[in-house]
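There are structures below to look over.
After this come two complexes, each holding subunit A, first together with subunit B and then together with subunit C.
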Partner chain A sequence: MSQNRRADRQAGEVIDRNAPVVFSWEGKNYTGFAGDTIVSALAANGVDIFSRSFKYKRPRGVLSASFHDPNCTVQVDDEPNVRGAHRQVQQGMTISPENVWPSLAVDVRSINQFISRFLSAGFYYKTFMKPQRLWPMYQKILGRFAAGGITSPNAEHGYFDKRYIHVDVCVAGGGPAGIAAAIAAAKAGASVLLVEEEYHIGGHLRYGGASDLQTLAELRREVAALSNIEVLTNAAVTARYDMNWIGVIQRQPDILVNGHQIHERLCKVRANTLIVASGLIERPYVFEGNDLAGIMLSTGVRRLLNLHAVLPGKTAVVFTANADGDACAADLKRAGLHVTIVDARNGENIVRATGGKRIKSVQLGDGKSISCDLLIIAVGWTANVPLLNMAGDRPVYDKDAARFFPTDRLPESVLVAGGLVGDGSTNELIAHGSSIGTNSAARSGFGSVVSIPSLARVQHPELYRSTTHGYVDYSEDVSSKDLFAAKKEGYDSIELVKRYTTVTMGPSQGKLESVNAVAIMAEAHGVSDFNTIGTTVWRPPYVPITLGALGGRGFENTRYSPMQSWHEAHNASPLVAGDWIRPEHYGDPSAEVANVRTNVGLIDVTPLGKLDMRGRDVAKLLNLLYVNKFLKLEVGAVRYGVMCAEDGVVMDDGVTGRLGENHYMMTTTSSGAATVWEWAENWLQTEHPDWEVHIAPVTTAFASINIAGPKSRELLARVVEGVDLSNAAFPYMNVRQGSVAGIADCFMWRIGFTGELSFEIHVPASYGLHVWETLIETGKDLGVGPFGIEAQRIMRLEKGHFIVGQDTDGLTVGFGADLEWCIKLDKDDFVGKPELNWQSQRSNYQRLVGLQPVDPNVVPTEASQLVEGTRSIVGRITSSRFSPTLKRSICLGYVEPRLAVPGTVITCQLPDRSRIQVTVMEGLAHFDPSGSRMKS
Partner chain B sequence: MNPVAKSPIRVTGSSTVVHGWEVSNRQSSAALRLSDVTPLAKVLIKSDAHSRFAASHPIAFGQVRVLFKGVLEIGCDPGAWLLVGSVGTASDLVATATTSTADVGEFISVIDITHGRAMMRLSGVDSPRLLNKICAIDLSDSVTPNHSAFRSSVAKLVTDVIRDDLADSTRSYLIHCERSSGQHLFDCILDAGIEFGIDVDGAGFS
Partner chain C sequence: MIVVPCPWCGDRNSMEFRAAGESKKRPDVNTATPEQWRTYLYTKSNLADWVTETWYHRAGCRRYFAIERHTVTNEIRTSRLPAAQIRLDESKGS
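Moving on, here comes the complex of A and B:
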């Protein structure tokens, strides 16, 4: 289609007429120019309607031609809810209206407007409540009316990013005052971040006259020359929190990452001073028919015409109460439109607009009717104060100036510049901004404070609603009638009215409509002072932020052992264990078990927590943290220990070896490494700072390999130097230090988690792969093979070794976990002793027992309930596997104490509600209960 | 064959062995470079934060100095210092530190953590801008000048950052974390640096 509404070249136009852009709208191709917004490109092609309204599905056209335009939200490709009056059109874009049925031109749901008197405020709260059974049907119908676009599950994931920025001064708003403030602060030496919502800085100067454009060019030159100003355009300050922690959303920064443009970037800014120079937003006028296409705000018209060279109509009526309306009328005349002025300053008024899909005429207060296809509204301004609200201010209404102004309640770190403070010429606004900028720099130690020139408050007529009713909130289809109705229903507070009617709760969040809502509520209450009605409070974010921007890049840590490359090369099935990636198995866990029980196997246990402890008081600390005794642990010995918290609940377990007179190595569970370190440091630093103990976390300083199986001694002997591995010289639960596979500074201990003869070796991590590969190569004739976590879990269950976190939970008390043998209440003191002492005197806690299903082929799902009758739960299964060694199913579980008697048969209910019988065993071990294999 | 020590960070391109460590041969002339310097010797000296030794030590927590040629000393914790030295010098550093603290008369521990940490060097004028995509600390000269150090979240990982500008004053940071997360941190820094044209450089030490 031709651009039949494209005007001649405009002095301040931002389009590039040499760069045509082809895009589609509702399936048809259109041509615009680079620099066009979606809406300006469509308007240049004669498109009037861009959306259907929320409730009544009325056709809506462009209103303010800005980001906050409530009528121009569209779907772009896979992206819903794009602000079409702001987003620049790009080659190949597929643009469509949102939620129309069946089309934008004809939406059958627009029939709602003819039954609008039944759909007043609170409609949703009063209807569809009964009968309750029909709610699913109501929900489907209501869903068809819900606003918003479509998010495809197949949409490509955009690149979203984050950034931290530290500056002396952050300026919110790139109008003349904001730019001047940035320049002054930067010239004084401060680092400055200038944030502008539009694609270019300049504010209203961009669509002003020749002198405005000349001034803007000079300001831009100054900004470009100052390297300590960073300008973020197409960005918005979304929030101000305590200590000037400021959120900035930057849309589509001009940065390519691997060929993809960054979609959005959330900047977290810490600024010594925030300058709020967010200016004023032109507000609509409430009258009958005020939402017809062709009714626009004066600033919207000037944006379309002067920035994008679009003629918004042919015959215009300008309802003006200020100089900006006059300037708009002049612009339209210059562009060749026929213009009729209706001057509110002379008492003239408009009461009604009529038309179909576009305005056809406007009726004045004196009854006269004027034919037109464009009605421009210029009746005043809404102070853009959300950031001031967030900084703690509650702006106050000035009846003479007909708008709100900030108070002196702002913190020292927040300054206000420009139109928010008062009115003035461009030079006066620049002077004001400049002085504010100078003073903001002074707050950071650059230059000195200057006096602030005052800005006058120009008188302006109060124009909010005509003598007829119309729409107040375009986003939510809330009319002035709705507000009157809410008042009649007893809603006095503006905050309650907001929630009841949803006024100011739509996508524009009250930017255009909040003051009108307050004014109409004042009118409904019969008061003239808006301050008695109050205002709604803006909270973050100032503009919507996508979830992608909040999420940013995915930085989920992944931890690998030094042997990971070997595991991957040998088809290890990866198991995500917290941050760690561990080999679950190498194809056949049962075969891995059999090999360990028969020959020898290797498992990578690097994630085991390891704490290097040094000092003369380490034994005291261990004795404090563990429930068992550590004061007499000899050099070269290893002891298993269990930690309980102060409440006697099992917290962690592991073995600790004494490497030297004052040198110990503690191991923890893999998941408990960080917790135990903090726990130990906490007790050391807060309760016993006098103890000489140094703790260093060395979990990943060592690669840890457990060599298990009857041939493990023979294998290790082939690669160890300086250590006698015989049972006599190196018995069970002992530690030795020496070289392994040529690597010095290794330590190894004999423990038996799998129930087999086993040596756990810990080698400097950088040599972990070398040692692993050496063991595999050296032990080929012994049948050595790797085994994974699953095989280890089977074998430890066969041996009856519990796992903290698997066989315990946040309520498992020490005595319940079969730890009576370990808890030494005769120690002077230790963490959890009072509670454990009490536990020992009662018996109302469940007990950990070994269980075997009567049917050996059934493996009850872990967490299956143990039950009596149909309603009583008497325990649960915590671990269960099929034992390849015993050829039957085996379990650990908790049962009530009266049932913890060997031989007791208990019913176990499986997830499918079927039931099996399990028998309580003697002890926890299903295999080699005497431990003869691991002690051999 | 002598055993070769391996960094947790995968070697980019061909490799060679330097002082028993496998290192990348890759050379880059990019303005922003990231190098794996895990093989550097790393020795931790622990004292009490309130000890006389700590009070009289020339550098405090957050400060860095060149102890002697090729060795940086970093105040990495209250009462703790990290020595970073040339590849293969860990044993010497441990011995030197042990000897020099032996007569202090206070409880001091010296621990070789060379194998427990991954370390990388980020160099280039855009390095602070890169880091500020994944780290919240103010990296301006006024807050973190050359030879300052801090511990913070970098890409959601506990990381020690040491500003150690190059001899020609190019901005440079030594960044280190516990070993098993080294590849993750390396990858995150590379990802953040794409927009600045980051490239992987060989180890850059001999």
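Moving on, here comes the complex of A and C:
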């Protein structure tokens, strides 16, 4: 059975008969030729059936032999939902039908078609609502019926790419008009991107007669000779957005990324002009049995026969209403088929097709039956208008031509060429495209505008449904009966009918079916003007895009401190913190805490946001941004500050030190560094441009190390030069500059996030590792060791220092976060002042308090709720840890103001619904509330 | 994605910018009523018309500026420095 349906050599065939391709289908090996699609290779071997339909599991074959063929979706190796009538077959492909049970030949679920009256429009909504307790079972059963292939969790990682393209003209559609437009625009001097959905440019000329093929060869020669045309084949314009921001998906381009063949590339195109030359798509006809295998569109047959040399049958009936149907009949006769013409232009009609897996006979309008194994439908065209919709147009139906046409609602930057505008000979289409191309170049300043030759609208009979009912949507198994039923049930808007019946909502998205659906709704309403029914509006994307293509190649930053190599060598457990990778701990966070509390530890705090601020008016800016006062900060002093937003909600915190007369260093939270910089610039640029302040972000210019613990002064003293570290000379909340480990221009401040005596040193980044290693080496006898984020989090919680974003959220007002002490309402102006002023006059916000579980061994999960009775939430836990220092669990949390009284015992509900008791503490600090350690 | 004309860098894709919203005058913090202040914070005029907006060229010159954009067509007809900067420049010039 090797290629027994292969025809003799065809003039325009795209297969390479010298390159056989072996692949498997349903476990059996088949041979096709390079250039075959999956479907054409199988059809050449006599395979008729490619899928089982969505709802009734009816066997389905090839219809349009194009990307949009609704029932030719297959699984290829690990890749589901491959368009089999488009994708070229390749050596070694393992191809299988999707979701058949147990096999394509026998699908037991096809029994559905005999109970179809129970599966009518909206049956999901009607049948599977009650009882609710059966929903999980319904879900399981319906899952078996849902279409789609299988994604394996073990599938090989796919490679994808992205590209930006800037051109004068982007042409969507490589048919004769599109090619001519590209050539004309390029000849005028414009840069052109020509995008074609198929593997070759040419459109319908490819499967036309000798003169079409000759014209196409000339057009291709011209394109190849113009270096300013880039052609993307097997690619589609998926979307058009404002200002001609255009999405193009390129499938399987011959491009390697890191040595891997990429699967898809998403191109983001900015074009001065978009030319829509997407042409016409042939429309199916609605009649009983219209989905049997062996019933094909005329263009589908011509693709199979003329491009892939496949004989689609032996005895054909051609139901034709136009020249393309006639040409198809001629092609079939030439290939040796027996052909009977049923001419719609003479009032002839077809009403019913019968057969088993494939059509056996067709019954005509006059009652006569004709035996056949192939029925060709050529009843008209659907204008391929999605890009016009996306550009704002709402095409209008013309009864005489039996299709939709664009209006003048398009923006100037979008032009339409070819068959969408009207009908014409190949030369007329080329002339039209050419003039559109010339004018698109003129929009970019190349050449001048020419007049556009008109394309006539050729009369065409309106042929949508016969006297019988049949399938409208082949992807979703929606019949004309379903549409009539929906109308009867009161769904009269086409948009509602679409959602109720799912017509045009399948994988082919109505490319073939949408006008038939509109026509049948018009019929159900008894109106003849489709414009009163309206159409559904096409939205992006025009064709499916994989999530891989949208994700593309990753360009996200990953940031490491200069000490990363040391952390890795010492078994640091990595923590992802925004862009940064930070050491969470080095094996035992509790031991790290103990070492800091008794000896001395080092933590890498490089990600801490650092803004270098210089100029006459820095103090004014600080005084505006922070809720506390900064006008009188002495040189050498450091102050903790909190920022609130204009709505009085806590935004960021950190310390700022004054390094010189007009020189300050602000630190922000690690995650807030970028935001605070933009925030400060906003106030400077839009409110106070008269202030002389220059801000430089220096977060990564310095490596930052916090040396914490009772022996930190002793350790730092061994490596510092030019700074007296004594408590008298360098007290708590001060900053000094000097050299550390031989490195000049370091600055260090005495602050105490961990609650210990500590010095935070900032050294030029390139010396970070040197200083870190020197400190580790020098402090061996003092017991120095590294500590990670986790130990720091435990210690700051012991000390009751809150973390913005952990212990505050987007609703945490300044006065609720225990910040009364630093909010200075007597300042003339600062960000958020009015809200904070009003906050101070009311008390209806929750308060941040220290909490300790009554059972010291229970650590409530963070975000556990504090409750009263069974229905009332009165607060929440924001931070909780087991304190190795206090040997008990400790928390921070929010409680209603009436409960924010030391000694109050509140119930806390854990995620497993068990309940514990927690006690409100005096102040936030669980350890060393007076701060004697950090001030020592 | 629209094209935004930055007064310093010229036409750039909007992904380079942060749209900071309608340009508004900040009320006097010491005299504003809660209603005035919250209108400033939360109420957008949301016109289907020409609207003056503040944008920030985040991936470029890092300057804030104002544009007039038509919210229906996305057409942008002016791009200029922030009002406060213009007032300052004018006062220096005079």
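One rule holds for everything that comes next: the second predicted complex is superposed on the first by the 789 of 936 C-alpha atoms of A that agree within 3 Å, B and C clash if a C-alpha of one lies under 4 Å from a C-alpha of the other, contacts with A are read in each partner's own complex, and residues count from 1 in each chain.
The rule we apply is simple: contacts are C-beta pairs under 8 Å (C-beta built on N, C-alpha and C of every residue); 3 or more make two chains touch, one makes a residue touch a chain.
Computed from a prediction, not measured in an experiment: that's the story for all the values here.
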In the superposed arrangement, does A:E687 touch subunit B (first), subunit C (second), both or neither? second
First, second, both or neither for A:I165, with subunit B first and subunit C second: first
If we overlay the two complexes on their shared chain A, which of subunit B and subunit C does A:R270 touch? Say first, second, both or neither. both
Can A:L769 be said to touch subunit B (first), subunit C (second), both, or neither? first
Once chain A of both complexes is superposed, is A:R559 in touch with subunit B (first), subunit C (second), both, or neither? first
With the two structures laid over each other on chain A, which partner does A:W580 touch: subunit B (first), subunit C (second), both, or neither? first
Does subunit B (first) or subunit C (second) touch A:Q91, or do both, or does neither? neither
In the superposed arrangement, does subunit B or subunit C reach more residues of subunit A? B
Using the superposition on chain A described above, determine whether A:D828 touches subunit B (first), subunit C (second), both, or neither. second
Tell me the contact category for A:T467 with respect to subunit B and subunit C: first, second, both or neither. neither
Take the contacts of subunit A with subunit B and those with subunit C, and give the residues found in both. 270
Residues of subunit B defined as touching subunit A within the complex: 2-8, 21, 38, 44, 46, 107, 109, 111, 113-117, 132-140, 143, 155-157, 178-181, 183-184, 188, 191-192, 194-195
Of all residues in subunit A, those that touch subunit C in their complex: 241-243, 245, 270, 646-647, 678, 681-682, 685-690, 828-830, 833-835, 838
Note which residues of subunit A are touching subunit B in the complex, please. 161-166, 191, 255-258, 262, 268, 270, 553, 555-562, 579-580, 606-607, 612, 614-616, 692, 694, 696-702, 741-743, 764-767, 769-770
Of subunit C, residues touching subunit A in the complex: 1-3, 13, 18, 20, 26-27, 29-30, 32, 34, 37, 40-41, 54, 56, 58, 62-64, 74, 82-85, 88
